[in-house]
Structure formats: C-alpha cells, structure tokens
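So, here's a batch of structures to check.
Look for chain A in each of the two complexes below; its partner is chain B in the first and chain C in the second.
Coming up: the complex of A and B.
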C-alpha cells in the first residue's frame, strides 16, 4: 500500500511540470511585458526605444520562450518565486504573508461544512419526508442557489450594522496581541462560507445516504437483529461516506483559490483578495505563482482523495 | 416420533398489505401454514405472488409502506408462544429473535453483504448481539462456521472482503452468517436464483446437511419446482397472495389438485423426453393486483372454470396433509 502511494505521489511530478508550462505559456500570450509595467506610463514616452530594448535584454526578456520558462522553473524549484512588479517585494514574502489568512478562513469553513453537511444530510435521509427533511431541503436549495456575496451582505447588515455583535471586516487590527483577539473577525466570513458549503455537502450526503439505505445489505444487517442505530450508521453511513469523502476532497483546492468573493466582501486580507487585485493590475509574476499554487493544491487534493477512498473502500484495488 | 412433528412456527390467516400511491395492494391475503421442526417448507409461486412478502412478514422486515393487517404469526420458543405480529417492528424483542432464532438468507449474495466490512466481521456481528462469547471464541466460532460451509482456508478468508469472494462463496458466507447462532428457523428467499446450476447443487447439499445436523426448520422460497422436489418436505403453492394448494412434496408434485399447480407443472420441460413433449404455457397473464378478479383469483386463466368459481373457494382436504382451494379439484385430480 505504501509503495502504491509513493508511486502515485511520484506520478504527480510530471503533471506539475506540464501544468507549470501551460501557466507560463498562458501568461506569455497576454499582451504587454514586464518593462511596460515597470516603467511609469509618463516616462515611457520620454525613453528611447533602444533604452527599453536594453532593459529587456538585461532582464532576459528577449531570450527564447523555452529558455525563459526553464529559468523561471529553476528559480521556483530553488524557492525563488520572483518579485512583484508593482512593489518589488519578493512574491514568496507576499504569499506567505497572505496564506495564513486564507487558510484560516477556508479550513474553518471546510471543517464546519463537512461536519454539519454530513450530519444534516444523514438526518435528512433518515427522516425522509419529515418536517426536518423538508426544512433541510429548503435550506439546501437556498444555500446552493443564492450567491455567497448576498449572504455575506445580509450577514453584514444584520450582525455588524444592526446588532453590532461582530466587526464589519478585516482580520488583524493594531492592539491585537493574542491569536484569539481576532476571532470575532473570523466568525462572519467563515460562517457565511461554511453555510454555502454545508448546503452542497448536505444535499450530496442525503442522496448518498438514501442510496446506501436502499441497498440489500441494509436488510441483511437488519435481519441479524442488530439495533437500528448500528444498521443506519455502522452499515449505512459507512458506505455512504465514500462518495461524500470524494466531494469534500474536491473542495480542498478551495483552501487556496475558492475564497475570492468572501474575502472581497469582508476585506479579508487573503490570497483571493490578492489575486483579484493583481489580475486587475496585470502583475503577472504574482498571478502566475498564485495559479501555480492552486494547481499544486488540486493535484495534492486528488492524491489525498485516492488515499482516503482507499482507506474507506476495500474494493479499491491498490495494484 | 411425536417430537419430529413439533410445530415451531405457525402462520394463521396472515394479511399483509402494501400501500403505494394511495392504493392498497393486498400482497398477502390470508395465508396460513405451519413449519415443523427440522422440516423444509417450500413456498412456490410466480413473481409478485406474495411469497417474499410472507417471508418478510415473519422477520418483520417489510418495506416501510406495508404492514401486517391481520392474522397471527406465532413462534414457539421452548413451549412459549411468541406473537411475532404483535412485536414492534425494530423493537428489542423482535431484534432478539432475528438472527438468533429466525435467520434469513437472500436472493442475491452479490448485494446482500456489506462491501466495506470483512466477511468475518459480518459474521461476528451476529455473535456480538446474540451471544455472550468473548472475542477469542467469537473469532473461533466465525472460522468454524466458514469451515462448516466448506470455505477453504477459513482463517484467511474471514479477513477478506465480499468482493474477493465468488458468488457461490458469498452465498456460503451468507449461510454461515445466518447459521452462526444456530437458529431454529432459516428463511431462504430464493437462495440460488442468482447462482449457476453446479453451485446451486452445492448450496442445496449444504442446506440439507444443516437441516439434518441442527434440526433447523427451513422455509424455502423459490419459483423453481426442481428445487422444491429436491429439498422440500412440504410445499405450498401461492397465487395472488394466497396459498392455493399445500401438501407433502410427493402429493403435490405427483397429484396436483389445483389447476394452477397442474398448469405450472405442465409448463416445465422435462429433460430427456425429446422434442415431441408438449409444454403448455399458462394462458393469459397475472392479473393487476389493483384489479383483482372476483372469486377464485385464477378464474380468468383456468381451464376448469365454471359458474361456481365466481365465489371464492374455501380450503378442503384431499388427504390428511394435502389441501386445496378449488371447487373443481376432483375434476383436476381425475384428469391425469
């Protein structure tokens, strides 16, 4: 089993290379280059074309595309992610500065939504057709179909403006000494994000659980005279969990790229906000790195899904 | 001798109805039979005649939208009569009977076992809830059960999962599971329908051995007359939720007294009789359960029908053990 996963892990490397190449190619195709953003527009008019050309030469921008890609890749592999065109700050520092905020928000939302989603979905399936089920179904429909920023704004109006229980936004303010000081800031964005995600997990958990409860082996389990809770949870839910785990696994990449809108609404200083801002200002080395991290997150998530489903489902062959 | 005829389960005028879309399907409509210790009762009939629902009623494993409307199901446990129909569906006392006193094996062993637990642990689950064994003896018992069922390398096989078993092996594992607590009654709902013929024969042999060794009564549900001839002591023929004829196997198969039984037997090709044998299909098709014919349910398809048949016939005995629900049974019997 260990060997299988090692092999599976190694097979991720060529995929990372191919995707990094595609990302680099994609940015190559966008108009403009580094020099046109480094030099302020009012100065470009005063500079001679030779000088601009000289700058391009010195930055290596005139090298063939493939050479530039390899230069960039070797830098990345050595931990040199390049510098932001706008501020000249190392991208590594910018990302490391923003990453904790995003991870904090998205991990909180992921955990809350997975637990509540499975719980509500299972209850909904067990009490199918009851008031509880109808309530959860209604909640699920609203959660899945209404865009998250609307919930974000509603939550802001209610909890921040009218009730004044929670701060309007932002993460850290001067004077916060301990980690727990900023917790009130986390509640709303994480709550709204979790609400949306719970709805999806719940609907999926409900149908997966219903599917599992209709299987023959449930009747077999019941025919053994074991208690209902054991029939439902040990037999039913255990089997239903396999597809649910896959769904939750596919949400892992959200840890990096999926919180864009919520971060905007709550001015949360995370990767998503950074990404949107830098796409607008065409700060391409930074955009490229964020895209690259997202790609790695997706690949790692799919690896983790394989790992978890192999543990949950003995039918999956490991050879 | 008297001990051999001990009644262990008695079903009296059982009516189980299924409610779908505000309509009522009288799936089991007044079925009565006794099961004797160590004997096999075969229940035959076509799809949808209520044989599986009868079995599910005994186990209280009915689908959600159905219920036992009236009648009695009495299980005799050490001279104590337990009214199964009065027990709460998934209540403690019903659960105590299931798997311990009355077990069930199902048609399709491919889907009847939980794919994510090992065979051994699924057998053990029975022991955990019905015995007070410790872990070591439970493991031993599990392996012993697999061994009795003729599964090679039982130590290793107990650790394996259902998908690593072949169809026949899974059915053996199912029987091992059902027999783990030495039940008094084993209900087999078409246990070999999903298996091929050679495996069928092996499974039958296994069931015969169990019957002999443990004095287990078997309720065998099937639509295969061959299976009945091979395994059963008594047979009940069901049609549209009713037992139309019941008797010992030799009586019913040799001298069927109900037109339906007779028609069923005539519709089976006999191997070795050559191309010239006449196979008579039963004409027409099974009536819609929501629009039942009046009187005898077989009336529209019957070759012996008369005006009297509009009235539902009652049971009458042909011999001491064989009885039939038909006005014209004399005629059917004489027409051999």
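Coming up: the complex of A and C.
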C-alpha cells in the first residue's frame, strides 16, 4: 500500500514541473518587465536606469533562461509568488485574502448539493420509472442545460430586487464583521451554485444506487425479513455512497472554476471574481499564478482521491 | 449440366447477388437505418432535433424573419417594452431584441459547432492514430491531454483569452485547444479495445498501412460514441460562450451573440426593470442547449449496441 502511494506521489512531480515550466514561460512571454513582479513598484519608481540594470544582474534576470526558471521555481517553493502588476501587493497576500470567501461559498454549495443530490438520486433509483423519477430526470437535464448565471440573475431579480428578502451582492457590508452577518449574503450564490451541482450528483447517485440495489446482498437482506426501508437505506445506500463520496471529493477543487461566473453575478469577493477582474485588466502575473494554484489544487485532490479509493478498494493497488 | 456451362446474363448475376444477400441476412438499407429508427422512436430526441433545426434555420435565414438590422441604433426607441412593432422590445440604444437574438444565433451556434468540430478533428485524429499505434507518441499525447484536462476549464480558457486577446476566431481556437481532451480520451479508449479484434490482425497480415487500418477500418466502428460526444460538446461550448460573453470576455461586444445580449444584465437597473432585454436570450440559450442535450442522449441510446433491445 505504502509503495503504491509513494509511486502515485512521485508520478505527480513531473506533471507539476511541466506545468510550472509552462506557467513560467507564459510569465516571460507576456508583456511586463520582470523586475516589476519581483520588486514592489514603489521601490522601482525611485531607481535610476543603471541601478535598475544592476538590480537585474543581482536578481539574476540576465542569467540564461533555464537558470531564471530554477530561481523562480525555488522562490515559488518557498512561498514567494511575485507581485501584482497593478497594485504591487504580493500575490500571496492577495490570494490569501480572497481564499476564505471562495472556500466558504464552495463548501456551502458542496454540502447542499451533496445532500440534495444523494437524496434525489436515491429516491429516483428506488422509484425507478415512476413520475418522481421522471421529474428528477427532467430536473437534472434542466440543471445541466441552463447556464448558472441565468438562474443567478433570476434569483437576484426575484429575491433581492423585488421581494427584497436578501441582499443584492457582496459578502460583508462595512461595519458588520461577525460570521453570521454574511449568512444572508451567502444564501443566493451558494443556493444557485448548489442547484447546478445537484444535477450532476443526482445522476451519479441514481446509477450508483441502482447498481447497488441489483447486488446479491440486497436479495439476501430482503429474504432475511429485514424491513424494506432498512434494506434500501442501510444496506443499499451505504454501498452506493462510496463512489458518490469520491465524486463529491473530486468536485471541490473543480469548484474554483465553477465559482468564477457565480461570484461575478453576486459580486462575491472570492478568487473567481479576482481572477475575472485581473483577466480584464491584463494583470498577467496574478492570472498565471491563480491558474497555477488551481491546477495544483486539482492534482492534489486527485491524489487524495486515489488514496481514499485505494484504501476502500484494495484491488486497485494491484495494477 | 448444361446450365453450368452456359454463360450467365447480367440479370442472372444480379439475381444471384440478391439471393446471396438474402441467404446471409444482409440488407444494406435496413441495417443502415437501425440507429436512425431507434432515434425516431425517442420522442424527446425528435422534438429536440426539430427544435434545434428550426432555430438553426431561423438564424441562417434571419433576414426573412425580421426586417430590423440587429446593429442599427435607434435612439428614439430606447428600452421600449414588447409591442407589435418590436416583438421583444428594444435595448438600451434602441436595437431590436428579436433581431439580435436570431442574428446572434448565427455566431453562438457557429462558436459551439465550430469548436466542437475543431476539437473532434484534433482529438479524434490524434486519439485514433496514437491509440492504435501505441508506444512513445501515445504516452506523449496522453501526458499532454492530462496537463490540459487538469486545469478547471474556464480558468484555462480565461488564461488563454488574456494571452491571445479577444476575437471570434481566437475564441473558437481557444475552445478547440481546451476542449479536445475528452474526445481524444474517448477515441483512444475505443481504439485500445478495437485494435485487439481479429479483423485488425487480418488487415495487418494483408500488409495494409497503419493509417489505412486505423482511419478507414477501425475508426468507423467507434463513430457512434464520437457523434454523441460532438453533440454534447456543442451544447457545452454554447454554454461556455454565453458565460464568457456575459463576463464581457467572449466574442467582442459589438457582435451580437446570445451571451453578448445577456451582458447588459450585469446592470441591476436593467435587470430589475427591463426584463425583455435579457430574459428572452437566456431562455433561448437554455432551450437550445436543452434540446441539443435531448438529441445527444437520444443518439447515445440509439448508437450504443449494449442498449439494443
């Protein structure tokens, strides 16, 4: 088991190296003086050209490309991700500032969609072919066909602009700082995001549950005279939940992509909104680094999921 | 005995051919239509297909369905609600919304279909050839696809938009570059299983060239899932175009597309008071994508041999 994990982990390294190389290549090729994302801008303004040249030498910017890449990589490994072109603030600080908002939104959406998705999917599977099943199937189709921002806009018009039950956007208004103060702000973005994700979880849960209900042990349980609800929910659902849990785990890092548009609709100050803002203003270093972080998050998550599945299903590591 | 020696007339030869076909149960007309028949019996897929074709027809022949120019600014008729003159009203600078939606369909569908076909061209040809050949090339392209697919798609798309800049052609190229992975993976998987079949070994023994075996003889057997994937990818790319244009980062804003019409909905005043500016376009995208998804699901059911009943 340990050897399998180690091998799986080592196989990640070339991937991360190639990705970091591509990101660095992108940073070098896009416009913008390299000094400007290594030194805070307020220092640059006070420098003479020859000082700047000396600085390039001392920073290693006149070194061969490969050496520069290695220097950059070692900086990244030590947590030095460079500076934003627009504000001169360290990228690490900007991202850390925005991360809690995105995590809050995605985890809330993940929890809601997992609960609803498993519930709907299980009901669909138990009453296969009934009106309930068809209704949920149609709901799933609509969930994958309607763009999430349309649901967002409609929710905004109904609940915020006309009924005025919920705030229009933002996460915290000035003067409110407690955690519960931004709950009303969270409801709509998390609800809309969850609605879209429920469709996917539901489809998967339905087929997983059907799979599990066809197994021998279900017939055995039934023949033993165990009550029907117990057969379905304790014996059937428990087995069906394993693949569902894996799918849900894999969604967490992908949510960084999923929140991009929703954060825009609700002006939610998270990574997605930051990303779009900086794509618009062509702030290359920040855009590149956010993309880099999101890939690393996806790779790490897929590694963790492999660990979990290998623990749950020992046949896998034999491959 | 005399029958054997007599030379056969052309008519006799044709009869013989037909008889032989009957004996072996080969009827080209019927077998070719099997998938199509199955699709026809799927009511949702048929309705979806009719709807999709109707929308495509309306956008191609847009001038027949509206007298308005989608770009024409009319400052005396700003933000007019739907009326007999403007069926769906007018937008902030007096352009006819209905005209913008049916002309916008041209670009939105072009982006969706063009990107899906581009992704299919790259994904299928690489997947088919390297999947059949195996070895070095196969593992290189497998790695490349892994790298592309490990990005959340919208992040990679926006990253490329930042680098390449915003234009219609760039958008199709970016969608193609970011979207070929799933088609490649699927084609490759099909190839890996099909290349072990006996007929492939026979073809190899005959000394046929590699591209000929894999593109002419194996690939047609994998066409069903590929068609399904292209259909579903078209839906996905239309959704992505809408999302990007809503952010103002898709097709340049001066070209009408379904997503670009929705871009104004970021303005809360318009969102609340002038529903006809954004809602019809949103409904059009949703219904169109829903219809394509029905067709895609119907195609999957009709081409998947494991589901033939």
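Here, the second predicted complex is superposed on the first by the 251 of 319 C-alpha atoms of A that agree within 3 Å, B and C clash if a C-alpha of one lies under 4 Å from a C-alpha of the other, contacts with A are read in each partner's own complex, and residues count from 1 in each chain.
Criterion: a contact is a pair of C-beta atoms (placed from the backbone, for glycine too) under 8 Å apart; a residue touches a chain by one contact, two chains touch by 3 or more.
These numbers come from a predicted model, not from an experiment.
Of the two partner chains, chain C is the only one that A:260 touches; chain B does not reach it. After overlaying the two complexes on the shared chain, residue contacts for A:239 are found with chain B alone; chain C is out of touch. Of the two partners chain B and chain C, it is C that touches the larger number of chain A residues.
Applying the stated contact rule after C-alpha superposition, one finds that A:115 touches neither chain B nor chain C. Look at A:215: by the touch rule set out above, it reaches chain B but stays clear of chain C. Of the two partner chains placed by the overlay, only chain B lies in contact with A:312; chain C stays clear of it.
Of the two partner chains, chain B is the only one touched by A:223; chain C is not.
In the superposition on chain A, no residue of chain A contacts both chain B and chain C. Chain A contributes residues 15, 18-19, 22, 26, 29-30, 141-142, 144-150, 153-154, 156-157, 161-162, 168, 253-254, 256-258, 260-261, 264-265, 275-276, 279-280, 282, 284, 287-288, 290-291, 294-295, 298-299, 302 to its touches with chain C in the complex.
Across the interface of their complex, chain B is touched by residues 215-217, 219-228, 235, 238-239, 242, 312-315 of chain A. Residue ranges on chain B touching chain A, taken from their complex, read 59, 61, 90, 94-100, 103-104, 106, 108, 111-118, 125-126, 129-130, 161, 163, 174, 177-178.
Those residues of chain C lying in contact with chain A across their complex are 143, 146-147, 150-156, 158-159, 161-163, 235, 239, 242-243, 246-249, 262, 265-266, 268, 271-272, 275, 278, 282, 285-286, 289-290, 293-294.
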